[in-house]
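In what comes next, chain A is part of two complexes: it sits with chain B in the first one and with chain C in the second one.
Entry: the complex of A and B
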């Protein structure tokens, strides 16, 4: 019996081993973090509190987090609801942490544990009024105030200590004219009636029994002031507020019946600190010293005396700071600053040193571009050596000798600049630089190997364009780093925050150096395209179309070059209401490009939700699909194809999703399909000869995927040149749809250097995972053909399986995935992937496995031993055979 | 230069599947066609003719186009010779009286080479609203300018194709469940009796055996001869 059990055990072990072999697609435990990295962010800080060596923050991304005050690392983080609808309203740190977040009339009140971030309790407040309201906590009582203009205050109080006992009060307040002229400090609600000196100050203590309204003239508080007066909140703990005029503010202290203006003036960004022996005021000022930018001034709240002024080592690249919180412990004072470019930093007094900085701008990335690194100095000089620079023999000889001497010196003494920061291209293109543009207009370059920031550049007062409800800044790689010694060049296009006109920034993506800096354009940008033609400097021109259909070219000297190609140049534009227009450049002249409309589509009343073209660098390796009968079914690969998805409201079907494939040159609709009772969010992927899109089916209440593939048929109409005008055959369309048992938030497809590798769809899910789905699983099955392993075809399954091994970020949940960007490596099997959202996650994927790479655990010793063994054996046998043959001859 | 008539077969658009069974709408549409025969940045359009589609469902159309005047013929020939675009503007009037205007363009030389044999693709959305009118010339290649004798540029022979929006695919759960059912039933019934012949069943074991035997018998006589 015992022997039988041991046999069973052995079989079980073998079975487990076999099963394990089948999931080799996933990562081994020791490979975690080897090819990938993740950076976590929290968003722009809105509230911050110090709490015994930790910092508790609430951010505009509707996130609560606890940071280590020593290094700024996240100890815990809680993502609340979607920040586009819900916003944090209050973060109160007491015995427990209290947070209120919500929409205009629905709020979640939650308490959290300081140390672990676990949710302790949660209850909701809802109201039938849709007016802006305010929350505050005074002595364990949560006060919720609705100011009704010219009428009264609706106040609801909740006693947090006694089971959230609710109490509703109505305070008559006909003096509220504008909520921007009112502040709440402690339990006082204070308003000014006018923004100049003739105005009155009204205040009422909400928690008092009588609700006596006190009225004071601003003149009696401020004296003679001619400028505009603003009322600003000052502090949560002291009943005080600020009256600001002309960039300076007076602190006004309220105490029951009296208001009392402090004699000193402060900056409107001042803040108080209650941790020390006495309340102190901290404020930021421009530094006196010419080398420093910012200084901190400290004043005593009661005596109004200047305590000290400390100049900070404020770095140049960052935006304008404001103080969020301060805390004093022993003799050290920590100050938290938040800047206009969303950075968050800790400054320690008394030396004014910046302890750490968090670049929270990276929590809101809008555009990503991968860049190849330049070759090393040695390689560049070798390349330079063989460049035919002149025709004469002697100059060529001297050139060669010169470069070879340089090569020798770099070989011996090592490179100077490039090798030091090791931003050098590797053989397989696995080391790249990611340039990202963020919503606040800060540009970062990130190293793919380490995830560290190489450089950053802040563009002041810019904002992204809004394309179909999505924020986008345009980034074009005009010249890659391939053409040493010419530097790589990249162009960024965004919108001016105030004028709405275009902003252009041209820079070297490797170093971040910009020759011309930020250039403001005098027109709005409607469309911009990177043209595929290079000038003699290997620079690809960028074509910008203004909102008045004027055409601009950067660099403008490329007009002559582009004019030669003008008869083959087309573009399109669209607006959200569903008009699609195509343009040609046939009426251009040698010195001015002109755009003329050539086709037009009208998709109204449907609304455009997605427009996708193929990736410009995509290559299609295989021209057809081999059928079981050995015939070829040719793909319809039209480089000018635009995939468009629209949603229209319908009386019968509620929502109808329509998908069109449009030829961008002729405006011919090649394929049109509609899904009734289906609505967004629509995610569309367009690659090679196929599209995949996801949508929500209202009838079955599930997310579905549909795939459509285009074929020319069994004959290829023109194998050498493709022209959109030569229409001899409309493509055959195969389509199929599937159920996705998850909710996608973003979708893209892998891209490899030569397009030989299989395609994988990368789908970002709402649960923070990014899953890879092989295209083979979605590829429409041909109707009357067998499908099985022999045909290398996976039989149709209506539900797409989502095994956990297919999650490329394994257990590293990515907060609020917003987009996925891919780029090919120079190794055919591999693509770079950057997933961005609140977090950043980088990894490499190999859809056909790493067929062109040796495994890292490859046994080099073994193969050397085997090879030498074989060589020795063959020589030995040769010798023996010769000996035997000789013996045989003597016989 | 001899103008060669390329009389290849055009398999165009005949692949239109018929969805008439699924179509819930029907209606008639009139299209007023105008064309621009002079290549200008802001072209002037002149009347070309009218197309009436009586039934969108059936896709039947009456085409009424007058022949080109000699002046227009010259203009068109000029357009073709200079490799310019022949632009049309279609003003579509639907049943309810709503009007929509569409633009489309083809290479003039292609139109001339095909002797004014063009196709009008009228795309309609799921409700039967016209969303695009595109002019195409069926051809396997493009041209870069062509001179065509004037007498060939007189009558348009236009074909109109009404192109419907296909209903999208639906996940086919029913047949998949049936397939699983069938597999389960087959399993429950037990192994299907294998009634193949002995050879058909075990050929993979027999063939190597035979080969080994043949090889060994072929080498043995040699060895015997060698030893002699």
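Entry: the complex of A and C
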């Protein structure tokens, strides 16, 4: 017992040390919102209802939310299960809000309070059939339909008012051939047998006693139509659907055994509104006016007379809209539009003004890149002075005088104010531009200071690549804004949605301007690399490898430049099943680069789960670690190192996690380890001479972190240039593992300008917090060395403490963290952090505190008072001393 | 601190059971629900009117979710038999997680989560009763300038104490009692340090005899007068 208590005491002491150490890193309460911001999103809207001045929405991100109809702000939001597996199936707004979400055969039925978003009730439906099914609510009865093709309908009804009483019905329906030719409208299930005029229309009322199937020919409803006919759902007070052909649709009502077609035609995107004075139909059309894009046509529901056509101030750059919901209150009609690029907006009639727009594309970011801003015009003109080769002395003098006069004027007339509003670089690089590419193919530039969108650009019909199950669009900074007269340049690579071939988009990240626009490539992209060499225009070429191992360069004129370096250029590729291939470019010619396979590595049958290289901009400041005996233990810093994690199934150990460190040039495995009975999710971080990875230990049912650090030893083999071929000794590896009392969903490491500052791991947790863990806590302790405060070493403890002060987003929970991106500021102590997921959160972190900046609570008043006090006191004493001396003289 | 001593033998027998229950999770057909209730702090309702909607129940790091009803109760549906960590998250409050084990027969057991000693069992009641441990402190308290901080600064103390000796001690000497004491001390110290004591006694003599002092000052005044007179003479 005594030993137990002593252990506890030891832990307590360690904990105290660490808490003292960590408390220094927390935020002050008055710093909230000073340099961080958060934007909340909901995802692409699937269902929307108006509800007394509020909008209830259900989205494809399996989220339900309540928005303020005045400004589009979120009143409450509930994140349901993971949208990759669960999808929202129904959102029904009645007395309470009813949502059904789930997988193919398991659903959660939940009712919510409209005002607060509090859960009222929850129950589940599960079925043993794995076929797509539909839900609807008619008069307090929840109907769940499984259409069995060419056979029957399995219908389960639940009486929502009477304790969810269950009733199972089987409706024979051999006429169902394709569920895409069927619609469910209220309690009617309606199908067409063929997509042309010879087809038949079948419908059945599920709630009727007899389940009589009614059959009508399409010809009897539509008359003579030669085009293809489609059946589309239509929301109306009566059971109704649309029969659409050639871009025109007819509204058809069914009621018992009668089928009524409205005499008029509408657009397939039409929607009805019954809560105004008289029922109306709204539909979107291309605008007649050349300056406007979209107009809303309003028709009378009964007579089909055109009431009005309102042209919208539809912004350029948004995708094609569809109407989601409408509502009329007094004389105002609100129309909700959802676009193909996931924007969600409210249009108010009758003037057609867009009240607000929510860019929901930002709820699904796939790639983030930070960009430095250009210098101000004035600074640029000073730079020009040295560049312009003006021969005359006088012109140079006048230029100099001119710029200095301008400098003076900005100094006097508040140049500071101007630079705050415009996108101009600041001294410390704290103001940057974040360019993000979203899954839907829209690119945004976001200001780090305010979080506002600077520009956006929609790339039509593109989709991200899938790398190890993760969506990724490639974004490379070819030229930063540092080279003043030349604009910054950036390249984006994605996949065409239809052909699968590459799409390239070259643009200026600061303005969003693109000279060439979207360029379609005639090959698939297998790999793309930003080369580290600059051409005479300071442009870094991008090397694209096609799926047939052809090599392309952008700009293509850089071939000669790259050829010079070809003997030092290597690349690697990997596929999902675990084959690594290394390539060299030694067989390139002056006008064509050619890849030559150099090594291959098979990791099968293991499944590849993570591949990480170091950040290309990372700098390692100190070459070694100073040991207590004053000797240096040199780090093994190999820039070509690839960290790989695989998981394989094992009969004895269930899952085995293996981690390899592979040299990308030679294919040499420098380190390999495995963890038995460990499974994913694996998050891997690779920096300097170390890696950290997280995994779930099935044996102890806990999440663990493992850290491995590589050292060359007490002598450095080559201090100037590193070569992968000069291997004399394998690096020494120190490793240690820890317990993380939380579940990580994303992990990254901070990055600073020169790498002097300590490293922090930023770990996104499942609870929506992002926590910072000092690398010092994870760094493997050397076995034979003492560890204590004198050695600036924290004694090993198995469980990593996660104090709430280390949560960088404090109480601002981030919905479904997907990734964390970091970028260095020009101030060594600071790095920018953007956390993305359903929400966006930006902040700055300073792992070693802001040692190069005065604290913001620095007491200027105090120091001024003290200084003036000292000056006054010294003069006073001087005077007094003189007086005294005089008196002495008189004595 | 809890007393783990008598629980350890019990724990050993139960963990064996726990380990096997994990192995038996193959029976997919039986689905179970974890139930529980969240007990807010006493000041909960006053600060957060809608805490139920902001509180989430995560099972196994968000694999399964539970939402909190108005009365604080929650149910996590559709779980196969196995071992689960139930965590309650609220932006303002911290809750302690619990591990719930459901065996293949549908028996429930809840215990405290201990990642280091995974075999240790401290049973907690099931259905779960999750109590807020306290308000989460995200922020560091900013240091405020206080006069006491300045005064107790070691540098200031080092400065102030000698100053005290210089300023106050001579004043104290004026006190007749201390004077006597001092004299006694001097008498005692006379033998050891004759020169010093002479000096001190001379000094004291000059300051302690008021009559002499006045005379002296008068003398000084007369000296001064003499000086001026001399100058006038010149």
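Everything below uses one rule, namely that the second predicted complex is superposed on the first by the 804 of 891 C-alpha atoms of A that agree within 3 Å, B and C clash if a C-alpha of one lies under 4 Å from a C-alpha of the other, contacts with A are read in each partner's own complex, and residues count from 1 in each chain.
Quick note on the criterion: a residue touches a chain if its C-beta (ideal position, glycine included) is under 8 Å from a C-beta of that chain, and two chains touch if they have at least 3 such contacts.
As the structure is a computational prediction, the values presented were derived from the model and not from experiment.
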Which superposed partner A:750 touches (first chain B, second chain C, both, neither): neither
First (chain B), second (chain C), both or neither touched by A:403: neither
Touched partner set for A:807, first chain B, second chain C, both or neither: second
Contacts of A:739 with chain B and chain C, given as first, second, both or neither: both
Contacts of A:658 with chain B and chain C, given as first, second, both or neither: first
Partner chain(s) touched by A:798 [first = chain B, second = chain C, both, neither]: both
Partner chain in contact with A:730 - chain B first, chain C second, else both or neither: first
Common interface residues of chain A - those touching chain B in one complex and chain C in the other: 739, 798-799
Chain A residues touching chain B - in the complex, by the definition given at the top: 567, 584, 586-587, 594, 596-603, 606, 648, 650, 656-660, 666-669, 671-676, 678, 704, 706, 717-718, 721, 723, 725-730, 732-733, 735-739, 796-799
Chain C contact footprint on chain A (complex, rising order): 1, 4, 8, 23-24, 26-30, 32, 76, 78, 80-82, 106, 108, 110, 113, 116-124, 126, 700-703, 739, 741-743, 745, 766-768, 798-799, 804-805, 807, 810-813, 857, 859, 862, 891
For the chain B and chain A complex, residues of the former touching the latter: 10-13, 15, 39-41, 83-85, 87, 100-107, 110, 121, 123, 125-127, 131-132, 134, 136-142, 163-173, 176
Residue ranges of chain C touching chain A (in the complex, touch as defined): 1, 4-5, 22, 31, 50, 52-53, 56, 58, 60-62, 64-65, 67-70, 75, 77-78, 83, 85, 87, 89, 91-92, 94, 113, 115-116, 118, 136-142, 145, 224
